[in-house]
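In order of appearance the chains are A, B, C and D, and numbering begins at 1 in each one.
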Amino acid sequence: MSDERLTFRSKRIVQADSPAIDASGNSLWTGQYYNEGVDNDYFDKLKEECGVFGVYGHSEASALSFYGLHALQHRGEESAGICTSDGKNFYYHRDMGLVKEVFDNERIKYLQGPAAIGHVRYSTSGASKLQNAQPLVFKYKGGDLAIATNGNIVNAPEIRAELEELGSIFQTTSDTEVVIHLIARSKQKNINDAVKEALQRIVGGFAFLILVNDRLFVAQDAHGLRPLAIGRLDGAYVFASETCAFETIGATYERDLRPGELLIIDEKGMTEDRFAPLQQRSLCAMEFIYFSRPDSDIDEINLHSARKRMGRQLAMEAFVDADIVTGVPDSSISAAIGFAEQTGIPYELGMIKNRYTGRTFIQPSQELRERGVKMKLSAVRKVVEGKRVVMIDDSIVRGTTSLRIVNMLREAGAKEVHVRISSPPYKNPCFYGIDTPDRKDLIAHERTVEEIRIAINADSLHFLTKEGLLEAIGRTPDEFNRGMCTACFDNNYPTALSEEMEAVGCGTC
Amino acid sequence: MSDERLTFRSKRIVQADSPAIDASGNSLWTGQYYNEGVDNDYFDKLKEECGVFGVYGHSEASALSFYGLHALQHRGEESAGICTSDGKNFYYHRDMGLVKEVFDNERIKYLQGPAAIGHVRYSTSGASKLQNAQPLVFKYKGGDLAIATNGNIVNAPEIRAELEELGSIFQTTSDTEVVIHLIARSKQKNINDAVKEALQRIVGGFAFLILVNDRLFVAQDAHGLRPLAIGRLDGAYVFASETCAFETIGATYERDLRPGELLIIDEKGMTEDRFAPLQQRSLCAMEFIYFSRPDSDIDEINLHSARKRMGRQLAMEAFVDADIVTGVPDSSISAAIGFAEQTGIPYELGMIKNRYTGRTFIQPSQELRERGVKMKLSAVRKVVEGKRVVMIDDSIVRGTTSLRIVNMLREAGAKEVHVRISSPPYKNPCFYGIDTPDRKDLIAHERTVEEIRIAINADSLHFLTKEGLLEAIGRTPDEFNRGMCTACFDNNYPTALSEEMEAVGCGTC
Amino acid sequence: MSDERLTFRSKRIVQADSPAIDASGNSLWTGQYYNEGVDNDYFDKLKEECGVFGVYGHSEASALSFYGLHALQHRGEESAGICTSDGKNFYYHRDMGLVKEVFDNERIKYLQGPAAIGHVRYSTSGASKLQNAQPLVFKYKGGDLAIATNGNIVNAPEIRAELEELGSIFQTTSDTEVVIHLIARSKQKNINDAVKEALQRIVGGFAFLILVNDRLFVAQDAHGLRPLAIGRLDGAYVFASETCAFETIGATYERDLRPGELLIIDEKGMTEDRFAPLQQRSLCAMEFIYFSRPDSDIDEINLHSARKRMGRQLAMEAFVDADIVTGVPDSSISAAIGFAEQTGIPYELGMIKNRYTGRTFIQPSQELRERGVKMKLSAVRKVVEGKRVVMIDDSIVRGTTSLRIVNMLREAGAKEVHVRISSPPYKNPCFYGIDTPDRKDLIAHERTVEEIRIAINADSLHFLTKEGLLEAIGRTPDEFNRGMCTACFDNNYPTALSEEMEAVGCGTC
Amino acid sequence: MSDERLTFRSKRIVQADSPAIDASGNSLWTGQYYNEGVDNDYFDKLKEECGVFGVYGHSEASALSFYGLHALQHRGEESAGICTSDGKNFYYHRDMGLVKEVFDNERIKYLQGPAAIGHVRYSTSGASKLQNAQPLVFKYKGGDLAIATNGNIVNAPEIRAELEELGSIFQTTSDTEVVIHLIARSKQKNINDAVKEALQRIVGGFAFLILVNDRLFVAQDAHGLRPLAIGRLDGAYVFASETCAFETIGATYERDLRPGELLIIDEKGMTEDRFAPLQQRSLCAMEFIYFSRPDSDIDEINLHSARKRMGRQLAMEAFVDADIVTGVPDSSISAAIGFAEQTGIPYELGMIKNRYTGRTFIQPSQELRERGVKMKLSAVRKVVEGKRVVMIDDSIVRGTTSLRIVNMLREAGAKEVHVRISSPPYKNPCFYGIDTPDRKDLIAHERTVEEIRIAINADSLHFLTKEGLLEAIGRTPDEFNRGMCTACFDNNYPTALSEEMEAVGCGTC
């Protein structure tokens, strides 16, 4: 034994599994993530954790998945993957990076077969690992099995502990792996029954695409928390987290999945089944406010239009006289235009986001760090100088970004900065697939609007009311299957939660 | 001699000079460029060929150049390079790719010294070669010499032929190399005189940054065709094609260079000199209309504001009753908002551009090609369906893009599509650094507005008048040093041209 | 459902899991493997499937593993991996490629902690998959667990089927994964007992390094088929498939593991235990003949010296008068020198192997293919021209290589070519970790020596006798713990085999 | 001007020109070169600076060049390049790295046309720059021009200064660029005359392949210092620094070039001309002793055989009684076998070189550095332990390597180490293309054999006499066209030298 004492205590697996994974912990793009960290701290936005896309019955399933995932890229920039089946084999590839970086012509050609499921994934803090990139692919007694998910399983830790006790071994830290184990361990003879049984065990908000040999299972959680839409293309079925993926590939939108629904697609066609009784839907409100692309529709409602209405509603609720209206790019532009149209105050380009900004950046020196931040977002001095500015943003999470943007506008000469937020104060963490900070880090948690206004250095601050939000979106909780989850605003979670969850932050995708 | 007859005739050097350069001619990103070709054909925009950035007297000259070039990335996405001097050595690096791809922390650290010049470059057709990437660096009798340019030398071919006759050898196909030869062959004892003599030989539109040992020369062509601004930061001098680079690094804008001006910066400070008499400026109008970033200012005029005024002016000149106004992203958003404000017709997100789109794409099959195009730009069905749409664009080059966008809007359900262009018809090629197609390929060349309207399938079509453009910009030709080059609209070129030029298209950067 | 009929039948997972894995099936180095295929066909050698290396108790455990694995590179060129433990975390990295390609300074630094296990791996046909690269790392109820193995588990398919029936899911096609499942499912309270229980279930030839949290298990199969040596360095324990790794890192060799031995190393030191009763050793004879590096020792016997003795023995058994002796590089040089010394016929460089040859090669055209072969091995015309040549090789597998080499020597002008093989005819496949072709493809299977001589176009051919081989090696089966497995020569397998095995070829590592 | 004083004084261009070139000065393989530096310091061998290969008149000219350069890889491992001509265009590619790394199928296919010249290059200290990688390609008044060289131009600095004074600019630091300038500036009407005129200006030791449009020029310096052989393949002409390249591609060797010879190959065939009168040849002796591959022939003499004879001669000149003979791999194996055969002392594998060693290595810590060295070369303990060892090496340059090897053998247990060198003491630098240290760093300069013996810690030391060397090689200076340059041993340089050269070390390739 060498001199140094080996002090082995707790354990955690840290994996570096591909050329994309490197020495400083998780990814060779460390500098990037570092800066991304700066950026995310700066921009301080909530992060959707995943997007899923599926095809069944098309000769170019992998290429369609590529285009579809590319359209869903905003839902997850960290890793991408596709698994296809030609009936004989599963083919798959996944890696850290954007869809366009992970795949090329050769790889798409390699991914053969008419059925495909794909995935894009955001990192959750400290876990940007290739091993967690989806689709996850396994062999079990029944053959091959792949899964792509969006969302979070609230009772995954309990199930995992139970499975480990029975001797299961895990290769990932992803909650999703428990679903596979549940299917593999099912005593059901029939794969359809085994999948249904597994789904009945889990609680949470999720959209699943599960490929088993020659069969595709598509499921949504019992409350319909996460979006998942069905489309058709040349006779094939396509599935996507957002309808913008359908527009990209030329598919036609059919409908959204319903709470507790389980679709089974095989050679004979699609069977509509369910694993839980139909109940009131609780679709995530943040999909309307921030996550989904403005050109996507959810249940027939276009999101750009909904956001413009939020801006108009906000103007009605909290008018302020000013010289210009500006929105924090890109997500708040629609609301800002709505605000401007409602008030007659001109919409101006008060800030600009560098469109070449990505993960890859040189690390600025301490001296240049403050400047570096401007690489991503900068004020347009000539536009804001001497003006009373209404700055529209979709939400405030920690408040750090808002403070910096307000200060940036002031440094560029803005005389007044009035902040208007197109959603209610964000007070509670999400446990259904959104990466939120701990409750204590949410600026709206236990702070009044006036305290927040002071913290972000604004001349005035208003949030859209929950009622105004629902009005603007145009769907209300009492309409059946049109309800929304607004737990982040009102602490009203649609599912049971673990005690731990109530205390801390969120899980994984 | 083997069987096959060796038929050697004309010659052209085709180089593959780095891992980034490959077998199919120019770049390993062939698939990308192929699609980029599709894209450029689709989007059919003029391409600015270069952006330059320089620093003299700052301890972080290379890092500042990185941030500055990043802000100028839109002026050239193909290659990037920086050359620095620490007095003892020149250090340089250049490669195919975006600024953030070409440089990393280590490379920036390697680029030592307080003086730097940098460059971003667009490809001109068939010449996306690393060897032409700038800065170009040479050794001559006086020491080391590097050059970064934006623009085009009209009489470069004549000078090159002359130099070759004298025994000069060339490693690039870049016009810029002739400037170096002229300096190296000058009989002038003094480097300042040698540079001045070389500049007096050349005709064209250009902005030059020339690093000679411990000295920086900054020059603008005799007509002031290409933009170049001077800024200050912590006592150091900075130079950039656009002021947005100054905002990014926190520098303050001082002024624009004047026609024929030559600045010489050395240890003792900056000397203002000139190589040609001051004359009326002829600044490129397309910088105002399309090329420069909306947050840049030229001669105190902010470009977003100028473009909004173009939109308002266009509304006054060519009003049409409609349900929504939409702009082709990203360059026409400002004008579209101006048009909407002037008319009261709501501005809507009728189209969306995928922000992850870049050069890297898998090659769609013939069947998917049409769909692939939507990866870059797609209509928002819910927004345009059943609507009378005013579609604002900044210019029409070949017309192919306009046709596709109009058709895309119609396919998405637009009832009427009224096209409004925020500049006059583009009829003549540019010879000063803009990559324009041959005159015959310009749709406005020898076609009436009505003929163009039919070609692009619009319900109505109007172009902004030249007078309206100048009014909107807020600078007119008769104001001294505020004149503009509008040769692309009115065939009124400020410099002499070669006969060949009048016949065909443009040269290189 | 689209037109094409989805015909889903059997299934096999084909994974493309990293940038190193590509479209044509398994690896981006396809061209290479293709040519490697050519090469392997040409050189037609048996392939050792793995090398393992372990450290316990050294501050530079990962760097030592790097150097150790590099010394063992010849045992597996396809993938490399290291997993370390610092007590709190496991750190690991593995990828396709050579040790020096897979690791760099940063990655080695990232792999923290005083305990490490490492692995190099050859591809077995059609399975060069990253997912199978070792060490394999898992989480189970007891914490973290990693394994690196050399060898093969004869009853893995049965155990795997049994585990799948119990609901286990598998991520790899590696036999090794069953060991982990057995440990995880063990009812034993104590990890030591769980490992022992798992080892008792499996049959085969293997050397295992198993890292469980803060503990290292080192085991050898009950017959001692695969080599594994123990060394000491600065008080730390090191383990390696061959002693050459110890010389490289400056460690001192202690002893080889014994059949059925299980070492358990933890903070308190090393415990010598066993999971099976001590029995006669059956060490792989091919390790002496071909696999191990000539500078390695097994049980105190240096392999270069042993091979020289094989050459001398061969000369005594099958002398032939000739002008020169030459050996097929690199593995037969020692035997050739022994033959030359015994006979007095000069040893000459009749063939040369290009030392830059690796996996990466351009694919020769059909016309150039025959020439391409010479890139790897070529005859030295001036040396062999007009000469009677004795060509020494260590073994003949399919015979294709021998034919080509004989013909190459003849084309270079050799008057006679007498082939002498320093081992007995290779007639039976190995089931203990060597990649052998099917029995029917072994040229010595069901052919007489004279038939083989004709097939390889030699003037004469002799194989070393089994008795001569054992004599030369200097260890005989009747010496306890010094026995050898010579099943490939005499069909005398030390373990039970499955019926399937008797019929076909080999399994996986 | 910022605070820091800009102190600009002398200048040197340091280029980082490709992804292969990085921040710490020259190459992204810095760590490698660092270790390579360690290695080269350790192995302390002279370095051949280049290998050239040419084809004229073959449909697979680029593929043949690939295979040919691969065979010449030992002559230059740093960069590789090929330029082809199809009569219409030149096509070229070059990069840092081995031939197999720089080229792939696509690149080779891209390099079209029946004429090709190729180059491999070693780094000279501090100048491993892509810009100096050959072939160099230029445009001049007569068209396209490419050059590949092996050797050194003694009067290049003077010519360069003269050319710069006339206004020439240089992109490389390579001497070779002056030849191009001389050709481009020639007043001769005819390209043949221009090339001849240029060659007449330069003094040194060189082999040139110059491609001008559709014509290939092949030249050797007036003294025939560097080797260059002519071969034929399928009617085409091939040229190579060594004949091993011909064996690889299946070409037949015709003859070596003669001193001052100039071959001109065009569509009509090959013209034999000369630019200098025929004189006594002075072929580099080190090509026989060390540089060329043992399977190459020079003027009909095979180098393995010549080296074996050197070993025999050495045994006759300096016999010593011992137990084993061993050679430093790889270059001294032939001589060691000769020594063993002559003396009857058995040849043994006393040392082994790791065949996976390349440029890519992790940087060992200070503690591991000494161990790291063993990654490349290690003693075989079992072989040398307790033995009296004769260690054969081909030369001693600085002596550092010899000392370490002797010590390594002693540490492994050698009782006595007797060093025998198969060449005379190396006392003088080479100015004809070999990278030698300064005279003062050559251990044999101003030291007696006894002093060297002490310095390298040997029990005895002997060098082969010059007479013995010439005898062994089998060619003597008085045979016309068979003379050799032995300046490194006897200070008898065949060409004029600059004063500077006499003082210091060598130039560049």
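Please note the rule applied: a contact is a pair of C-beta atoms (placed from the backbone, for glycine too) under 8 Å apart; a residue touches a chain by one contact, two chains touch by 3 or more.
Everything quoted here is computed from the prediction, not taken from an experiment.
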item	value
Neighbouring chains shared between chain A and chain C, ordered by label	none
Longest centre-to-centre distance from chain C, chain (CA-based)	B
Intercentroid distance (Cα basis), chain B paired with chain A, Å	37
Between chain B and chain C, centroid-to-centroid distance (C-alpha), Å	59
Euclidean distance of C-alpha centroids - chain B vs chain D, Å	47
Shared-contact residues (touching 2 or more other chains) in chain B	104, 108
Pairs of chains in contact (touch as defined earlier), listed by label	A-B, A-C, B-D, C-D
Residues of chain A defined as touching chain B within the complex	31, 60, 63-64, 66-67, 70-71, 73-74, 98-101, 103-105, 108, 244, 247-250, 293-295, 297, 300-302, 304-305, 308, 330, 333-334, 337, 341, 346-349, 352, 354-356, 358, 360-365, 367-368, 370-372, 374-375, 378-383
List of chain B residues in touch with chain D within their complex	1-25, 57-59, 85-95, 104, 106-111, 114-115, 130, 137-141, 143-145, 164-171, 173, 180-181, 184-186, 213-214, 234-236, 267, 269
